[in-house]
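Questions regarding the structure given below will be posed in turn.
We call the chains A, B, C, D, E and F, going by the order they appear; numbering starts again at 1 in every chain.
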């Protein structure tokens, strides 16, 4: 059992231990999709949604595995369930909104291999969160991911039109900005200890 | 159209076959790996825990795990929680009780283990099980000898009413005057305070309980 | 025991998911012609837009849809076009190689600037400021917008500030045509080697003060050309390609060298009667 | 005939070499960033993580290549993930059995090897289309390339951030550690630095070529 | 007849005659009193730190321009400003080698990587300081008491620490008013704060000189007064509200305003034109966000001071503010899009 | 109903923004008008050779009705209007047509035109035509009269005035605004016209009121021409509803949209015309010309321009025949030293001249001459530091800073779509205030031309 209050869980997941900037989870989509603000927001939304789903899935599966005493299957069951759920969602979007599918392009399947999703599932189990706590944790982590993505996308969109040295353009610049943002988010550490 | 339909139905079968086949194969492989490593993993884990307990209760050579069922301490069975660990000396004397506690640190939750000697009514040892505090700063709570010295003889004696006489309080570096104060670390004020707060909270809950039932541990060893 | 549990759990899970995926695969499947991917893979990925489509993928879609012939891709090698045509089973629709041609010869050594332009150093910007200050309103401004816009490294500015097109590299994408504010570029079949390198609509020898190689509309080329090959329109000769076979005759008596023969190796060849241009340095800016 | 075998041999070494340098998964393809950044704070962690990843990559590439004709296209991703997850679980237990401390310091990132894009992308892009031998070579090359990259990061971060290399002190006691290097931000900066070095080398090569 | 040459160029043919260089130079001027006061109160130590910061910034800028084969841009004073600001935000006995490193980082990473002046997404000086803070957390929180007697006769050993070695502090160190409050609940007298009779970063101590410098720039029209105004008002109102709720637990708003780097940050750092929004409403929102973050971090966060982080976060948000807050274009209704 | 609501909203807007009698933003360039604003209008000598481009207006070029070698009398029709958006051209001098050929223009382009040799001994008497009596004429007859007189906007735009006065079907005009702002530095043309031709102005207003059906006329004058405002206020005729309003000095208040906002508190919708807010704006010199020419049925053959600037010795306001070559005009006013820049129009929006062989046309409101010493164009361009000076200067509240950066990186479509590029009328306020000396106006002019080109193709 974990005693953390819901607000503390949310602030922790969103700001203090931001999944991208402090835990390095979900870096691939973070580097790939943060170029345009519109895509970043959509991606953020998609990740948050998938996080919520996988958090719920993980909670259920964990309960199941504990019941049959097969906790050693935790990782493989999590990833399989999450991956298939995401694939379902992907097919659904492709069918329902080809425009959205095109915008997110190849990154929808990449959500499957987004460490943030699996990381969330593993962490919530490790921390022993109950159902409500898990959901708040997923929302916080998703919000934090979106926040980081959107903030960086703002910069990258602005820096499209800047005299950035050619070798630095793209990934390197994004990494540097992410580093500075990561330092900046350190300002939030300790929130809630006082 | 018809051709396509036929093709996809056979496809479905292949898909099912492949997925289930791989699933079964994987399950088998995992179980083999799990069963194969389990004894050693458990032994290593137990050793690590034991080492931690030895660390916080000086003079311990063997340990026993107890479970608080709400009224009394009983030897723990698998799956029980919360747990405390009793340490016994060579001669079978109760050397102390190790208690786990956790709380919000600077970066994330800090999990600690501390040793309590019911006879002397003191905290006699302290060990950080898990922390993500800033390296070089916050992680001094694990390494800083001056800080660790706080916990070699920290007063947690009880009043007659069964409450802790002087709650543990963190003070700033160098200002420690009483045995129940936690002297902070320069530059890592937050982390060291967090430890003080975690201890204060945990001791208030556990120390009276353990003190009042200390006989249970002694009996438990028999 | 745990072996059985594990196999049961995983087998069950995978079975469940496989069933879900099978159903989803049927219900939610979106068809896309696989040939589009294949054709796109065969295209050069220059995304230059010369074919009239915004990029290679839309062009591939159009190809598969039968809306256009593969020969419209000017960047592909002929083998590439053939391969696509073969794959799709259509005619090639191949065309004669085309290149961009510049209708001006007024480099800094022969053409004069009347005023000194100050500001953004692009032709497009300069042309908006009193035409750019060049003595000949129609002439090349020489800031090299065409050089900058060319994706194929086919245009380079020479020492007199005139763009030179590399016929081998040019894909006739038309970017230079679009970017030139003086409309000096046009896309021409490579064998149209008889060429009027001037757009000055004025007549008479006065214009030579502004540019020594301008067309003075004397009309000799039209006289010397066989048949109706060349006619004079708006004080400029117009060559009607395809009417007659092209020869070097019309260029011979041109006094300024405004009409030239473009040799693949030697570049522009002037007629024997044209005044030679000796000057190498830039002409002084200004007017009397 | 003999020239033919020579030819294939040359190709096989290519599969191996490309992962190390030309198509280095981290520096060129920018794949699998999460563990690269997260567990590269010491050289030791980096090495362990790199080995674990390389092992999973090798095993999963092998199995995927073996099963490539058995798996239909529609469920290939799901199947690959299953296979990868299996080997990750195995690796996880193996590391636990080797050292609890190491397992603790690598944390959840062992489990997260499952979602390392590198492994999935090799399974999908290479192993599912190539023979066993080639897949193994590819996995070895890519795995070592990944290991190399992780090690590059880990070494820089540990030396600057802690003043040590594989836990051995390199400098006198008075050395001032650059703590930022072992913080998350340092991971970003170090990776950026290595990428910059790689790009500059590439640029120079292109310029001379 | 002589040849006559006319120049042609695009309209307008008049300019106001103000240049970026002038603006930057006046910012330097406005900061000079703070520099002198820093030297006066902290002695040679502060002089060395500020001087090193400036030299390293200017040198880095020059070298980077050379490397990228562009004309040097040190003449526009922007590197000097970054250097002075960096120096002013460091403790007066900060080791020189770290200061130098900070200057290099500020210019190379905070400015050059982003494309140089005009494109820096963050305030370069703060980028430098943030990295220094993360790299050397102990050194950057080792404060030196103001007005020590030997400040003009000796140089603290910490300042002269050999490159890459740990600084050794001798003499008295002091706690900043903010950390004194946060960790020990001790408040400092407002007059002391206003006149700078306390310890802290070299340039942040004297609120009055900072305000005077700001007023000078505002008077000349080289600074957007709305930014410091919005930040300071927000801090005042927000912390005033908290103080009103519980005066024991929360510090007084005056203390919040005058202590720490708030004044320096609000007046000279948050006002970095490049990294702040462009419209009047935008900068007000920007200021309010920064002000609120300062209070949140100072009161509920783990750190005693949060101005640096608040401004960096403000910088991060400003592209979004510019996207959302725009002037209504003449002849369009507010709702109309594009 | 909807219109009423909209009007109300606009006036609420005006109250809220507290900008009554002026517009948002704008700049204050040095005025430099004192050299010529006290000098009365003087007649300029006739140039021996008059060079007349046939098209001196926006719209369809006029059609020539004379031949080479033909003798013409001052005021005689040379070219007739070809279509509705077109005006005729009249002979500015009595003389002989030497040749009909291309003539150079300010844009650098060569256009069809007439070389007219002035007869040296001629009395240069004007021929009289059939006048338009404003008492009896219908609005359409007045418009025809305006067109026949060849009148275009003399403020610089050279748009045929009758086409502007024509109220489109379904719209109506409430306010007639006479634009006496003249916000361009150096120019004093309108100022002098207001001081010296009050009767022509009021007569012009009579014609305009009748043709547009406006309920009132407002003469808008900037505070730096208080004498003209007082002068006109003292002579307001009783028979027409006309008032004089003085507005604070600010550039570019002379722009139609800005003036409407300043006087009426309304905003012309983006992409719309003044008539969309029930107003018509006519330049004061154009008004005077209508009042001068229409009663006599004459065509426009001369106009008032200010020739000034540091390079000119005999600065002044001159009544100059249209078609006078620039070279002749500059010789007459004795330009000193080496001139380096000559602008047609004022220094804020005027066009730099590349060739002295061009001539003064109907749309030329002034000539400003700079010498080497005066032109201190900053040679160094700094990157945009987002100081926001341009944002606070742009009268349209555009974001020139962002537009400039986008233009630099050739993101033209984004400029047009997201940042209202096409609304920009190139007043130059942004470039004027930019401390980084970024050629913003040039960027925008180029971007606009490219966007237009892309739209067309």
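We adopt the following convention: a residue touches a chain if its C-beta (ideal position, glycine included) is under 8 Å from a C-beta of that chain, and two chains touch if they have at least 3 such contacts.
What you are looking at is a predicted structure, and each value in this text was computed from that prediction instead of being measured.
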Contacts common to chain B and chain C (chain labels): A, D, E
Shortest walk length in steps over touching chains, chain A through to chain F: 1
Pair joined by more contacting C-beta pairs (C-D or D-E): D-E
Farthest-lying chain, centroid of Cα atoms versus that of chain F: B
Most distant chain from chain E, judged by the mean position of its C-alpha atoms: C
Inter-centroid spacing, chain F versus chain C (mean Cα positions, whole Å): 41
Separation of chain A from chain B, taking each centre as the mean of its C-alpha atoms, in whole Å: 29
Approximate Å spacing (C-alpha centroids) for the pair chain A, chain E: 33
Distance between chain centroids, defined by C-alpha means - chain B, chain E (Å): 44
For chain C, residues contacting two or more additional chains: 2, 6, 9-10, 13-14, 17-18, 21-22, 25, 114-115, 118-119, 125, 128-130, 133, 287
Sequence positions of chain F contacting 2 or more other chains: 351-356, 377, 383, 439, 442, 445
Residues of chain D whose C-beta touches two or more other chains: 74-75, 78, 82, 85-86, 89, 93, 179-180, 183, 185-186, 189
Chains grouped in pairs wherever the two touch, ordered by label: A-B, A-C, A-D, A-E, A-F, B-C, B-D, B-E, C-D, C-E, C-F, D-E, E-F
Sites on chain D touched by chain B in the complex: 41, 67, 70-72, 74-75, 78-79, 82-83, 85-87, 89-90, 93-94, 96-97, 99-101, 104, 161-162, 177, 179, 182-183
Parts of chain B lying in touch with chain A, wherever the complex brings them together: 26-27, 30-31, 34, 104-109, 134, 190, 193-194
List of chain F residues in touch with chain A within their complex: 383, 405-406, 408-409, 411
In the complex with chain A, residue positions of chain C that touch it: 2, 5-6, 9-10, 13-14, 17, 20-21, 24-25, 27-30
Residue ranges of chain A in contact with chain D within the complex: 21-28, 31, 72-73, 75-76, 79-80, 83-84, 87, 109-110, 112-115, 117-119, 122-123, 126, 167-168, 171-172, 175-176, 178-180, 182-183, 186
